[in-house]
Amino acid sequence: MNASNKKLVWIGGLVLLAVLCVLPFLVKNFRVFQFNMVMIYAIAILGLNILTGYNGQISLGHGAFYAIGAYGAAILMDGAGVPYWATLPFAAVLCFVFGFLMGFPALRLGGHYLALATFALALAVPQMLKYKKIEHLTGGVQGIVLSKPEPPFELSILGQPLSADRWLYFYTLFVLLIMFLIAWRLLRGRVGRALVAIRDHPIAASAMGINLPVFKSITFGVSAAFTGVAGGLSASVVAFVSPDSFTSFLSITLLVGVVVGGLASIPGAIAGAIFIQYVPNVADEISKSAPWAIYGTFLILLMYLMPSGAAGLVSKIWSRLRPASTSATSSPEGKLS
Amino acid sequence: MPELLEVKGLKASYGPTQVLFDIDFALAQGQITTILGANGAGKTTTLRAVCQAVRTSGSVLFDGQQLVGKSTESVVRMGVAQVPDGRGTFTALTVEENLRLGAYVRKDKAEVAVDLEKAYARFPRLKERRNQQAGTLSGGEQQMLAISRALMLRPRLLLLDEPSFGLAPLIVAEIFRILRQINEQEKVSMLLVEQNANLALGLAHQAYLLETGRIVISGPSETIRNDETIRKVYLGH
Amino acid sequence: MEAFLHQIFAGIANGGIYASVGLALVMIHQATHHINFAQGEMATFSTFIAWALINAGWPYWGAFFLTVAISFALGLIIQRTVLKPVEKAPVLTNVIVFVGLLVIFNAVAGWIFDHTIKSFPSPFPKGTFFETKYFSAHDIGSIGVTLVVLVALYCFFKFTPLGLAMRAAAQNPESARLVGVRVSWMLGMGWGLAAAIGAVAGMMVAPIVFLDPNMMGGILLYGFAAALLGGIDNPWGAVIGGFIVGVLENLLGAYVIGTELKLTVALVLIVGTLIVRPDGLFGKAVVTRV
């Protein structure tokens, strides 16, 4: 990229940042809450994408890590009085460990079997969260009620005060930028290439010296950590955790987000998050009684029409507009192990 | 007498890669025709094109009926059986199950039983192993099985893809002897694709030579066999 | 001692259901190399259809067989319409389509039949002549039905030309085409059969756990554990695995973990199998070429 292009990108970025900063003051609190959820989902989807999009391991159980992150943060805040901003690293580490542990047995599986095994995780977690023996910790069926963190200072822009939701917006945005930056650095370099190599040609990758079991398990762990951070954020943003918030449908939704956004695409995570946050509302408008049926139909149609997701669509349009340039980006439609 | 199989202007492609470029050949009833060529010439593709297992355009007339555009299953039901390269054995099924599958589309149960016994008579080794898993058979036995399976259809046209491949010379000679027998006694027409030119020319009546998707020579196999230039340039001796 | 025996027998009874679901999963996998995630929801939907028929006055067995036939047709139609466009697509695309089906079936069942828990009659109520001290009549009847289904399937695949053609199509679609087998239709029939088996499993389990749209979620998992334990490509393994899973689930639930964590038991079984014996008890190790 030449100098003037780089300048444009910087200016564009700053403008975008400015818009994002003003945005929460232009809309009601409830909308801000929805924006927060979109950002949280984007982080969760990014985590899952690292595992599924880049590394080809399908997980229908990431809701479990989201739940672990959420409960981990909630228990720390409620039981130990830890401030909300300190809970995230804990959630990340906790989920990394669980993810890594899940990664080992999962090594032997691929494709559908892995999906089913992780689905088992997704189905088991709500039941585990309701378990009476740990009720004192988890709050059992009722879960844990938290309070949204108060903004540390008073501020008013365009007549709207800095509410808890708005403060959380900036907090979440900050975490989002950090997580995306980490992912960017990880995936654009050797690690990313190794992930893709494992996805597309596992045996050859192993023959080239990549320690497959360790790498795949670490990938699971990192992926879980990302999603766990999202879960931890949600504990503050939603201010409530309960077993029924983290059913298997959440895991399904996250995978949908990955596919809709586009495999192996970092910006796609945002498109995916917008889809999973707002499309159920649209489905609800179409059919009050069976919104999930409409949702399911959307999914199937999407797979017929846009199998590589939003990112795939964008890159198709982009390559039509600029046929001369070639880029070495990995094709997400490679085989999934 | 109209030809049993008449192919005109046949083109075939795998995705964007075209492999056959406008080939013409014909096969008369009761005859054996062979298509020769080196590796990659397009021989297997030609057979797959006849069976419609690959994207084709042009004309393939089998007994006056156009095959292009039909599904493989329909072509088979019209009486075209193939012995694919690599035998195509159902390795997890028994020998007898493989044979019965050959007759899957036939409705005359009694005649199928007769043909089954005929197959066992022709290849006693198959009878010995009738309840064995087909994957445990040797290469030669699997070839016998593949041919027998194809014959169970009572086909009017038998397509053979490199039947000599990977087999010991003695077994190959035996198989070719039996092929001639089948052609003479049961009047089964055959389209044979082979890399081993000598063998093929010894069996076939007509021969075509395929080079990178195009027919370069055609004629009676006797003529081709005896032509010095052809032998030197194309057949290597 | 009696209680222990009772747990084992109840486990065997449940095991029959897991065996059926596991068998359906293995069958579809053998034929299509896909796992039908919607299997459980389709089975629940079928059970609702049976419930509706019975409520409308149909005799039990009439409703049973009609439901099985309808389920077969439904499975066949779904494969031919919804799945055909993505037959050659990558695994993940298929998984999303299956997930879509799962969600649709679940939602439509809830919409048509509402979410209240319903009771479903057993064709083998208390007092049926073969009731014994250890096995309730339904347990025995359920195992009996499962065995009949399994034997019928075995005979179908082993002795009929159509069954042979389906096996051939699953193992080697190219060669199957060369003998005139309509491979695509075989796929559809595989789905139909699996849907039919699922319906039977659903109707056998509903009297015990009561009928609601989420009935089969956990059972699908046990079916998968069964299939995995038996060696994922081995139909017989799935059957034996099912019985083992049923007994283990009951024993672990009664004596070790407690009945609240049954799904965790399934998870532990799955993960445990994968760690200790990934090819299952009867599976063959798969060797792939680079």
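Annotations for the structure displayed:
Each chain carries a letter (A, B and C) given by its place in the written order, and its residues are counted from 1.
The rule is simple: contacts are C-beta pairs under 8 Å (C-beta built on N, C-alpha and C of every residue); 3 or more make two chains touch, one makes a residue touch a chain.
What you are looking at is a predicted structure, and each value in this text was computed from that prediction instead of being measured.
Most remote from subunit C, judged by the distance between CA-atom centroids, is B.
Overall, the chain located most centrally, as judged by its C-alpha mean against the mean of all protein C-alpha atoms, is C. Comparing chain pairs B-C and A-C, the larger number of C-beta contacts belongs to A-C. Chain centres here are Cα averages; for subunit A and subunit B they lie 56 Å apart. Once the centre of each chain is set as its mean CA position, subunit B and subunit C turn out to be 43 Å apart. Subunit A and subunit C, compared by their mean Cα positions, are separated by 32 Å. On the side of subunit A, the complex with subunit C involves touching residues 52, 58, 60, 102, 104-106, 108-109, 111-113, 115-117, 119-121, 123-124, 127-128, 130-132, 201, 203-204, 207, 248-249, 252, 255-256, 259, 263, 289-293, 295-300, 302-304, 307, 333, 335-336. On the subunit C side of its complex with subunit B, the touching residues are 161, 164-165, 167-168, 171-172, 174-183. The part of subunit B that touches subunit C in the complex is made up of residues 51, 53, 71-73, 76-77, 81-82, 84, 88-93, 97, 100-102, 104-105, 149, 153.
Residues 29, 34-35, 37, 82, 85-86, 89-93, 95-97, 99-104, 106-108, 110-111, 217-218, 221, 224-225, 228, 232, 260-264, 266-267, 270-271, 274-275, 278, 288, 290 of subunit C touch subunit A in their complex.
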